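Labels run A, B and C following the written order; every chain starts at residue 1.
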Amino acid sequence: MKRNLSLILVIVLLVGIITGCSKSTTPPADNPSSSFDANKTINLVSREDGSGTRGAFVEIVGILEKDSSGNEVDRTYEEAIIQNSTDAVMTTVAGDKYSIGYISLGSLNDTVKAIKVENVEATADNVKNGSYKIARPFNLAYRDDISALAKDFLNFVLSKDGQDIVTKGKYVSVSNDLPSYTPLDQKGDIVVAGSTSVTPIVEKLAEAYQGLNQGVNIEIQSTGSSAGIQSVMEGTADIGMASRELKDSELKVLKSEVIAIDGIAVITGKENIIDDITIDQIKSIYIGEITKWNEVAK
Amino acid sequence: MKTKSFEKFMEIIFLISASMSIVAIILICLFIFAGGIPFISEYGLSNFLFGTIWKPSNNPASYGILPMILGSLYVTVGAIILGVPIGIMTATYLAKFCNKKLYKILKPCINLMAGIPSIIYGFFALTVLVPIIRNIFGGTGMNIITASILLGIMILPTIIGMSEASIRAVPGSYYEGSMALGASHERTIVSVMLPAAKSGILSSVILGIGRAIGETMAVILVAGNQARMPAGLTKGVRTLTTNIVIEMAYAADTHREALIATAVVLFVFILIINGLFMVVKRRGLN
Amino acid sequence: MYKFVIKNMDLYYGDFHALKNINLNIEENKITALIGPSGCGKSTLLKSLNRMNDLVEGCKITGDILLDNENIYRSDFDVNVLRKRVGMVFQKPNPFPMSIYDNIAYGPRTHGIKNKSKLDEIVEKSLRGAAIWDEVKTDLKKNALKISGGQQQRICIARALAVEPEVLLMDEPTSALDPISTSKIEDLIQELKKNYTIVIVTHNMQQATRISDKTAFFLSGEIVEFDDTEKLFTLPKNKRTEDYITGRFG
């Protein structure tokens, strides 16, 4: 009797969990906007302080402002959820239809929706022709005493072959007029560290490079733009990846090359009714002036 | 003669192995305290511990870690509230009520739970727990409640393992004595066996607290990580550990020292918890 | 007249035939001793009388054990009530790791008594019944594990008395104690027989002769001889009994 009772309880519990789960994770199929309640609060997702994407985003959108004493202050709303990688931001936004976030355009996948900014769609072409306003350069930074092997990798990245790979991803190449790369059959190890936004394209470039130079091993660490720059300055990495411009203090010690231009996509859940947003609205949302979705949907 | 010098030799080898742990602890202590103390003395201990604003990029920077101390405290307490009762009841079930066949399935499952990497727990919580919490409580779903549930689940194997062992270690003569007085199996377990095992159970809870405070990778994905004073159960928090992980990689100079000082605070908490553990254990032996 | 009647009882631990065709009558308000070499089944029989053998996996019993003419192995016989009526004291004193008061009050509390003054009354009565009240009355909150072995055993006896049993089963109650405690407890047992029926397993033949009225001699799971104690020890009817009590084998 006791055993049967507990068995029944366990089954009820399991059924409850399964229905609860499926209700919340299955998106409504037919009419997305019907189940979107615009009275809900906007759930902001942001990146951590040292993220290059965040640095570029807050500057371009105007969240970074000068205060009365001339200091630059990042006015990101303090209730914003902080995630420390591109993937974590995407997973968070994909799972919450009332959220909004920003990520590297090149990393965009179909679990989330990229909304138009000032009526311009987020594509590599629009970044190239300048109509999509939120974009920043990908920088590879290095010290003067960079190894010959690492320099050769940089040459590959800035060659026609390298930039072809860049264009195949959703990025914009730096120039169309570049020499081809001749492999010199190098051997050795290279350590590349930094931005989670730059990592995907550098991974593709590294793969191609290692294909042409079988004796080379390239290790890529995804730690964030500022962390990557730190590593290069300290000597623990050969090349640093930054998804923003280098600061003056960093340029004193390091050289850098722009290897691609990348848009920053503003993403929401697929069921969100918003399709288009102005830069002012983005700023208001991210400094906490606008807090509900119905203030955006006009 | 030969065996004597061989024995001496082995004794030295064992001594060296044992000293490795002592050396490691001393080195860690030295590094942490040497890195953090200068900052604390310059910035001021009470400004550091009780300051409510953490904004390293401001000018001048603000390094108050009270938000993170409270964040750690709240999610740990939450984890204890959820994990301890379930853990002790599970341990009791395993030790005293479970039949052999079911035990052969349950015990390996629980051991497996202990071996799952934290990041996997984190992703599980992100994709499964967060939407459920969001549906029930609204908001982002990344808050103290979610982090507490996640940590409660993560400390279960620790609590269950040690509690079960303690309950099993209670002499069977107590069980017999109680049954011989006409008490039922259930009453015997609850009124005699569990109280007899209480020092072992308490030790397991303390170990669980230690694990919850130190947990980082899983918590980062679901706690929200807002660096401000905790604003409610349904709002996000940042803990001492996640603060270090999020910012350490790119912090420089004073910012980095502040993070090492955060590690000092964490270290002191862990020392207190472990001290408590030893006191409870010693009292149990008496 | 007969508190317990055991008829044609056999007991198996798995395949091992531990008790063979036991027929025994336990008289009310008398002390019955069970003697015999190690492993002969005396403790096993004792544990059958309060169904503590139910806790042993693979134990099977056939035959009848009647308490006041009711079969205690009947499926609707409440085993918890049985154990209240038939108390047990073990070879190694096993007080709970609680205060002396809580040890004694445990049984009554289990059976529903919550009133503090009633419990106080029962605790005092039981401790007096176990001849230990004067020694512990000043500090009932003391942890029961902190007193001597002999005192612990008397606490266990008091604990058993607290539920007001009719029978007391004692499994070698003094074998772990020193001679002085042993003699105190033997005196106690003789006092107790006025109000209780007592069955005692003992290795110590002198103890059996000192305190018991009837004695049963066990060998390899069978009762070889059962008689008044005086008769069994002075004029045993069976050669094997004689060999045992004269020490030819142990």
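The rule is simple: a contact is a pair of C-beta atoms (placed from the backbone, for glycine too) under 8 Å apart; a residue touches a chain by one contact, two chains touch by 3 or more.
Not measured: the values here are computed from a predicted model.
Shown here, the protein chains touch in a chain-like sequence that does not close on itself. Greatest centre-to-centre distance from chain B is found for C, with centres as Cα means. Averaged Cα coordinates give chain B a centre that lies 49 Å from the centre of chain C.
Separation between the centroids of chain A and chain B, computed from CA atoms only, is 33 Å. With centres taken as mean Cα positions, chain C sits 79 Å from chain A.
Residues of chain C in contact with at least two other chains: none. If you check the complex, the residues on chain B that touch chain C are 171, 173-174, 176-184, 187, 191-192, 195-196.
Considering their complex, residues 20-21, 23-25, 40-41, 43, 48-50, 69, 71, 73-74, 78-84, 88, 91-92, 95-96, 99, 223-227, 229-230 of chain A touch chain B.
On the chain C side of its complex with chain B, the touching residues are 50, 52, 55, 80-84, 87-88, 90, 92, 94-98, 106-107, 110-111, 156, 159-160, 163. Interface residues of chain B, counted against chain A in their complex, comprise 56-59, 123, 126-128, 130-132, 134-135, 138-142, 220-221, 224-228, 231, 235-236, 238, 245-247, 249-252.
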